[in-house]
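Presented below are the structures under discussion, each in the form of structure tokens.
After this come two complexes, each holding subunit A, first together with subunit B and then together with subunit C.
Showing the complex of A and B:
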């Protein structure tokens, strides 16, 4: 039981910290660009803020997956049952899509956001278009989140 | 600096680029009736014209603002040595000639060098070159010595110009950014062509060309020197075999139209930096764009003072970055 529970919690941890690292790098890069633009033109704050926050979502997805895993094994919400080694391993595997995809998509979305912020800096009217481009990177984080959630729900239904 | 260290700088530059003068703005300046109207329009564009009517002061303030901005944007200004070295060698030229003629050089120094112009002047005046970088110090000693012995200002200029090109080539060979390498390459190649053409017209010797021409990758120094000895047509024939074959028709027209061709080539090559978010490229492009703008404004101001017509001004205005 102990190893199974450990593996499940490890999965939750991996989902949180890898996706979180990705988001912090992405938001960090976009934040530097936003600060540069605001130093010259403070009125663009609301526009660059939206672009800057785009890479933050992967960290939230990681948190959501971690929360579902911890809830699934009863670490939060009470009712902790026995977690077999296989079940723990499956939860660990279920955390990997959002962990890996969250890490890389957030970093690349951050770079894309930097370019978007530069576009808005030169032409504030292109905000809509500049937002869509980095938002496309989000697709792959959402796909990974979907698979992680489906896998966690499926593990719970297996009744291992 | 790592590439991502330029994100903040590039972001600020993107905003600054919106304030660069476009071709439309330049046309507006050209269409002004007189010098004072140009100054008033420049004030609208953000130039500091309020305290001075002297065009060289106004443009020198713009240069100072440019380099103050760059000092704010990067931790280590040595990344811009590709530009700063040229200002050092210009200031060296001013210093050597001022020491020779015993005149005050202050108003002729350019800002934005690796050293203050006055510092170079003091070193040259005291014949103490320890505080200067090795090549600059050696060049200073050599140029002053030649000028004192021969009184030949042209030879003194040639020595300093050659050293300036060598320093630029050395810096470019160590630079990691393609944009800096490309700029240095075009700068040295165009300087070589100008030396060759002017030297050919004065029927200079092969020894002169071997000494005056600098090494560069896109032009073979030896072949250019041999062509220059044979004459102007041979230079054109040689250039037709290089990547600068498009320049030949401009060289045949005049040296100023060749210089315009080089500047336009440089600025159009820099335009790809408008979509580069992470490297030093957009900063280099901005420096060149601002200097190009200052050059255009200087031309318009001088033309208005001297009453040149708009067609002549338009012929000489370079392609703008924005």
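Showing the complex of A and C:
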């Protein structure tokens, strides 16, 4: 029982910190570019802020998956039941899509955000297009999130 | 839902009216002026760039003057001042203020004069200060530094670049020139970098003492004063004080002009408008007594403008329907769809030959945004915030107004979907009842229980996933239908069958076939179409595929090439698969909002039912939900745009039209507008 619980919590931890690392790097990169633009054009603050925040979502997806896992095994919300080794392993596996996808997509989305911030600095009118390009990268984080959520939901329903 | 019909307009009038006509057009803001290409023996162009530049200079003079005032007077600006927009002025008010032109110019020159004086005074203060700094080591010296000589003695004042005591100096002098005596050294000040000394000597030994002192490193001061240093420092300090008083006076004088700030702002706009008018003169052709200008105008305004120009200036106006590639595009939609025009235009304006898809797009836009944000509480917050801002700030800029209206509708849709899924600030009501009241929450449909189903529990996610795909397919089909309508409008009915109906058949057929097998029934709660749909679906998909195979490569004459092209296009079915899967973000982002909201509610309720617990809950509730609203509204906005731009527009939209940009008042602070 203890091992199963540990594996589940490990899954929650991996989802949170890997996606979180990705978002930190992505937002960090974009933040550096944003600060540079603001030195020249303070009026663009709201626009560069939006672009800068785009890679922040992966971290939240990781948090979300972690929360669902912790809730599934009863660490939060109470009602902690038996967690079999298999169930724990399954939760660990379910956390992997968002952990890995979140890590890499946030980093690369951050790079696109940096480019978008440069675009907006030169042509503020192109905001709509500059937003869409980083959003393309996020698609894969969303797909991973979806599979993680569906998997967690399915594991809960298995009643192991 | 339409592209406004444009007319080409030509205006002919007497030359003396040309500037007045331009001013009227500028205030009306209905006509886009294009360059008249007429230049011959009768018609000629004027070069007005020098006027334009000089007015721009006046405008920047006004801006600088206003900036000077703002530098010394804090302007009261609210948090929401960016929503306020420009102050509207009627033509009469405008004319009245415009009379004050000389006053404004005087004021602007006066202000820049003040500023210049302040800068000069500040520079002087710095110069005085550095002289004081140089004199400070000499402060203890109570005679002037250039005191020189008496009948039998001479004085040397100077510095050594090191720290020395009187003994040190005497020893060093003795080393270099042992015979020299009859002198006295006094150290005025000493630190590690320099030692200031005052030396008195007998006239006769002056030369040899001087040589000796130079050898051991004496440096004579570069400048000296007739007064003794302490006195000099005092004089300089009083001078600085005077300058500071002068600066304070000047600053006060500048601050007293605060009331005239609006005047300066007005004339900044006045000169910008004037400069732009003169810039437009380049597009006008003159003959000795008349002028001509041409451009584009929406049909709805053209007759009114014609009448107005004839009445005021006796101008002759010719109108004809505009055709061709370079005609600008203006969209007109009802109040529900118009706010989404901004999204369309941020992609591209439609070309003149296609339908304006704004109305169709707006419906999907609001629905998808609502599904991704999907919380009744968040939707209400968003709609209320946008609605209140729209009510409070009447003069808001058009673009901002449009966005806020769009988010208002998005908020309503969000509220709707929130009620459907039973999410109101996540599960806030249940948490409050369970934690602080201790009873199970009452059943309020939409707020504690979902009206439709809860997408976070049980089979909820898979059900919503299926519906997301269904909405996606409807969205894609809407795009294909719009392309079909465009083909039919251009008289290519058969193309609509080849390119659009064919894909609708393939996709529908595939969906029917899939739903009648066991593959998906597990995800659909056992829902399964009768087996006959497998045949029907297969036939539909087959017919569609054959049409695509044979006709989609129709541009190629070579039959083999045509078939190969058709086969390649049929391979595009994979892109339909990825397009449809892309709509799974409707589910994922919707869940993200709800679950994160739940996380904050749970965090807030952790301290249980106590005073501290309630305070914690309120704090976490406000901060957490604001954060969640911010990040998820951004996500919903970006991904709704993506679904429109990539999946929807990809099916039919060519775009590439030129946005109608009427010649209008383009100012920062005041909006001078006449209505037709």
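In the analysis below, the second predicted complex is superposed on the first by the 160 of 160 C-alpha atoms of A that agree within 3 Å, B and C clash if a C-alpha of one lies under 4 Å from a C-alpha of the other, contacts with A are read in each partner's own complex, and residues count from 1 in each chain.
We adopt the following convention: contacts are C-beta pairs under 8 Å (C-beta built on N, C-alpha and C of every residue); 3 or more make two chains touch, one makes a residue touch a chain.
These numbers come from a predicted model, not from an experiment.
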{"item": "Partner chain in contact with A:35 - subunit B first, subunit C second, else both or neither", "value": "first"}
{"item": "Partner chain(s) touched by A:12 [first = subunit B, second = subunit C, both, neither]", "value": "neither"}
{"item": "Partner touching more residues of subunit A, whether subunit B or subunit C", "value": "C"}
{"item": "Partner chain in contact with A:137 - subunit B first, subunit C second, else both or neither", "value": "neither"}
{"item": "First (subunit B), second (subunit C), both or neither touched by A:83", "value": "neither"}
{"item": "Partner chain(s) touched by A:106 [first = subunit B, second = subunit C, both, neither]", "value": "neither"}
{"item": "Partner chain in contact with A:155 - subunit B first, subunit C second, else both or neither", "value": "neither"}
{"item": "Contacts of A:115 with subunit B and subunit C, given as first, second, both or neither", "value": "first"}
{"item": "Doubly contacted subunit A residues - partners subunit C and subunit B", "value": "none"}
{"item": "Contact set on subunit A toward subunit C in their complex", "value": "50, 53-54, 56-57, 60-61, 63-64, 67-68, 76-77, 127-129, 131-132, 135-136, 138-139, 142-143, 145-146, 149-150, 153, 157"}
{"item": "Subunit C residues touching subunit A - in the complex, by the definition given at the top", "value": "343, 346-347, 458-462, 465, 581-582, 584-585, 587-589, 591-592, 595-596, 598-599, 602, 631, 634-635, 638-639, 641-642, 645-646"}
{"item": "Interfacial residue positions of subunit A with respect to subunit B in the complex", "value": "29, 32-37, 39-41, 111, 114-115, 117-118, 121-122"}
{"item": "Contact footprint of subunit A on subunit B as seen in their complex", "value": "4, 7-12, 14-18, 275, 277-278"}
